[in-house]
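Below are two complexes that have subunit A in common, paired first with subunit B and then with subunit C.
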Partner chain A sequence: MEIVRKAQAGTMQSSDLMVFLEPAPQLRLEIDSTVKKQFEHLIRKQAESVLQRFSITSGVIRISDRGALDYAIAARLETGLLRACADQRTSS
Partner chain B sequence: MVTNSLGRPLPEHFFGKTVHPYQDPYNRKPVGNHATRPLRRHNPGDKKLLGNLRKAIEASGLRSGMCIATHHHLRNGDALLNLVVREIDNLGLRDIRIASSSVHPVHAELIPFIKKGVISGFECGVNGLIGEMVSRGELDCPIIVRTHGGRARSLITGEVVVDVAFIAAPSCDCYGNMNGFFGPSACGSLGYAFTDAQYARCVVAVTDNLSAAPVTPVSIPQSLVDYVVEVNRLGDPRKIVSTTTQITRDPVGLQIARYAAQVIDASGLLRDGFSFQTGAGGISLAVAEQVRRMMSQAQIKGSFGCGGITGYFVDMLEEGLFRTLFDVQCFDLKAVESIGRNLHHQEMSADTYANPFNAGAMVNLLDCVILGATEIDVDFNVNVNTESNGYLLHNTGGHSDAAAGAKLSIITAPLLRGRLPIIRDTVTTVTTPGRTIDVIVTERGIAVNNHQQELKEELIRRKVPVRDIHELREEACRITGEPHPIEFTDEVVALIEYRDGTIIDAVRKVKE
Partner chain C sequence: MVVNLINERDRNLARALVEENGFSFEEDYDLLVGKFEDGELVATAARSHNVFKMICIRQSHRGGGCLGALVTALINSCAYSDIRNFFIFTTLENRGAFEHLNFFPLVSHGNICLLEYGQGLLSYLQQHRELRLAGSNGAVVVNCNPFTLGHRYLIETAAAQVDHLYIFVVREDRSLFPFDVRMALVRAGTADLDNVSVLDTSDYAVSQVTFPGYFLKQDDDRLQLQMEIDLLLFARKIAPFFGITRRFIGTEPYCRTTRSYSDTMPRILGPEGIQTIQLERKLSADTPISAFRVRKALKNENYEALRKLVPATTLEFLRSAEGRKLLTASKNYRRRH
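Then we have the complex of A and B:
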């Protein structure tokens, strides 16, 4: 899939995260987190595995995390991708 | 570098102070006598009332390099400390240390004065931005964190000499009789200020409610007060309640509270004469509510509630569930209102509350205390000072004092906070030693310290979910993933003093 439009998913509540996506020529994953020092490596790993599963090779993905667990990171990123990508069927 | 009995590495000296490493909770013996201060004489007709704060500071003899104190009963609504420091700066004084009973986020206003050299150190713990900036190395200002009992001890032994105490006095007369019960800035108990009034070399009462003499009831008497001065406003009592003081509605918190109540029930301590302390957090209050129900149902008459007092304890007093409240600090306005009218709601000094070096503190008589934690390690050591990012953000309060005193110290904490596991192999900072902690209650199970074998067996018999603390730690990390440790430099920016004056841990600058 390809990111073709700006989209976002999530909330800024504690234990949740916001995901912002927009089209770009290269793939870039930016992570900001309240627990960045302790968990950036795991947040990145989880996000990368979702991006790989969706075959995303370009676009800017910004994660603003407030201490979410892995399953919440996957769910929010998937939702964001479905909203941002070309073959999305429902409008957001 | 030296190491204390918990294996925490400490500097041998910290800004001129010799570091005594922590050994154990009960065996350090005090030597010598109470600290002294100069005698004084006031003749009939001598006046104490001065025109403004500046004149009071001048009259007090405060000079550069000295130490001042205020009390924190108005908590985040306190205006006095900021006011005093501004005047000290106006007078051109520098290198002043602060030995207040606590410092709150509202005192971030002091930061420019720290940078300017007006304030050069804290003989007390701090809440909020000052500690964070010190942890990052952005402020050069050593901090020694003390418990409430430990602060009283340090003044009484003379380890900390307060040159001038500025006591916010919500009701005060021109000769210095005061109480905290009435007036626009009423804060209730003045418990932390009692020690200052007795041991500071000069005592200045500051009031926004100068009343006809004599002010009664007398909490702090005229015989201890050198000067009286009026200001427009001591602060905003509505901000005494700086955190949630409502029973939690979070299902995780309520589950923890139910388990904690089961532990208290199983302990056998819940009988006539029961004494109890909780903090003002949502889970603590939910436990108090459970205890209240159990006491009502079984018609148990408790003896006393203790510590910082909330409206929930006032209700329990009025329902006859406790005979007395011993109040070092009112946590909400319902408690403030109660202490001014109910003789069984007793004001108590920090010394009587929690000082380990007197003839017996109130915490020694506690059956049960409910305490919180930022982190807990597998040896039951508790951290409440630093957050998991390594920043010094919280003062100790009475945590270590009540834990050491009570027969049953229960820590209530969720197993996870956001993504952070609360039970760790080692805590970032030790505040309270595991030897004084009996039970850890989380929503996923209860860990009982080895010295409470009987209680552990009773809980298992009652089918309460008792778990090994290592198991709880592993379960937490399975959910969160293994966090990277925070990196620190070697530079020590703060010491965590145990209640007996030994050093239980050091806080180091965070590597950014």
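Then we have the complex of A and C:
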């Protein structure tokens, strides 16, 4: 799938995260987190596995995390991708 | 649930809550939101373009999810806009609460702190990293509405005194000449100088965030604080990245706000290791050249006067089809800059 429009998902509540996506020529993943020092590598790993599953090879993905668990990261990113990619019935 | 506060009753409740918290209720917001519980407004927040303000939560509701919910609502309200980074001015005491929401401190001044959500400053600097050059460099921050022989003189003189000169063009689109035009005219008017780089200020200098009083009239105390924060941000985040040790300005004969900014400059930049160098304005017909004079001459379609105030590159634009469109706009233009 390809990111074709600007989209976002999630909240800034504790233990949640917001994901911001937009089209770009290259793939870039930016991570802000209240626990960035300890967990940036794990957040990145989790996000990358979702991106891979969706075959995303371009776009800017910004994550603003407040200590979300793995499955929350995956869920928010999936929702964001469905909104940002073309030909998805769930897009908003 | 956080809701938009639209009707007069809700707005008055928000006003009361804001004033109870010791802040003044500012009408210049784009969006006002709030959270009700049992019919009582327990929290409110507002957004003015990319700046969050008037965030107030009743004492009894602090420490829970209220702040996160308010900030989420404000961020979501920009989902379909081109705003990517958000700013907030807060006190040192409340800074921590925003840092827990991934706001990063840009600059602190006394008890006031400016924070940013999103890595805007970082990506702005990264975008321009190829412009970094070693040496003793200088900077000018200019609006150039439009580019005049006065700007040319300031830039040429400054460039001769430094290894490299960075020309920061004000990004904010609140001038007669649109940003793209101002930028293009600065580039064209300085193309022959080989030690200058032209770049935009983004949100980080003389912007609606750092210095709203430059564009809209505000009271003196607020204006002073804004100028100081604007200058500290320049000194601490922008100047070190580009190796800037000198900032050049022209004398200001007309605008009180700009003059006050110039007066504040050495006092704030000096202790941060940046020298302020003020140059006398270039004259034409014994009167300082200014963009204001240019706009006036344009309005009167006095091309003979324009020829003496702007370089050939700007004149050429003013006479083009695109430039002539702005002529009509200039007739109704009342702003100071």
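Assorted remarks:
Criterion: the second predicted complex is superposed on the first by the 90 of 92 C-alpha atoms of A that agree within 3 Å, B and C clash if a C-alpha of one lies under 4 Å from a C-alpha of the other, contacts with A are read in each partner's own complex, and residues count from 1 in each chain.
The working rule: contacts are C-beta pairs under 8 Å (C-beta built on N, C-alpha and C of every residue); 3 or more make two chains touch, one makes a residue touch a chain.
In this text, all values refer to a predicted model and were calculated from it rather than measured experimentally.
Taken together through their common subunit A, the two structures put subunit B and subunit C side by side without a clash. Judged by the touch definition given at the top, the superposed model places A:R66 against both subunit B and subunit C. Look at A:Q13: by the touch rule set out above, it reaches subunit C but stays clear of subunit B. When the two complexes are overlaid on their common chain A, residue A:T34 makes contact with subunit B and with subunit C alike.
With both structures placed on the common chain, the touch criterion links A:A24 to neither subunit B nor subunit C.
Of the two partner chains, neither subunit B nor subunit C is touched by A:A86. Distance between subunit B and subunit C in the overlay is 5 Å (nearest C-alpha pair, rounded to whole angstrom). The contact surfaces that subunit B and subunit C form on subunit A in the two complexes overlap at residues 14, 34, 66.
Put simply, subunit B touches subunit A in their complex at residues 388-390, 417-420, 479-481, 483-486.
Residue ranges of subunit C in contact with subunit A, taken from their complex: 65, 68-69, 71-72, 75-76, 79-80, 84, 99-102, 104, 117-119. For subunit A in complex with subunit C, the residues that touch the partner chain are 6-8, 11-14, 16, 18, 20, 30, 32-34, 62, 64-66.
Those residues of subunit A lying in contact with subunit B across their complex are 14-15, 34-35, 37-42, 66-70.
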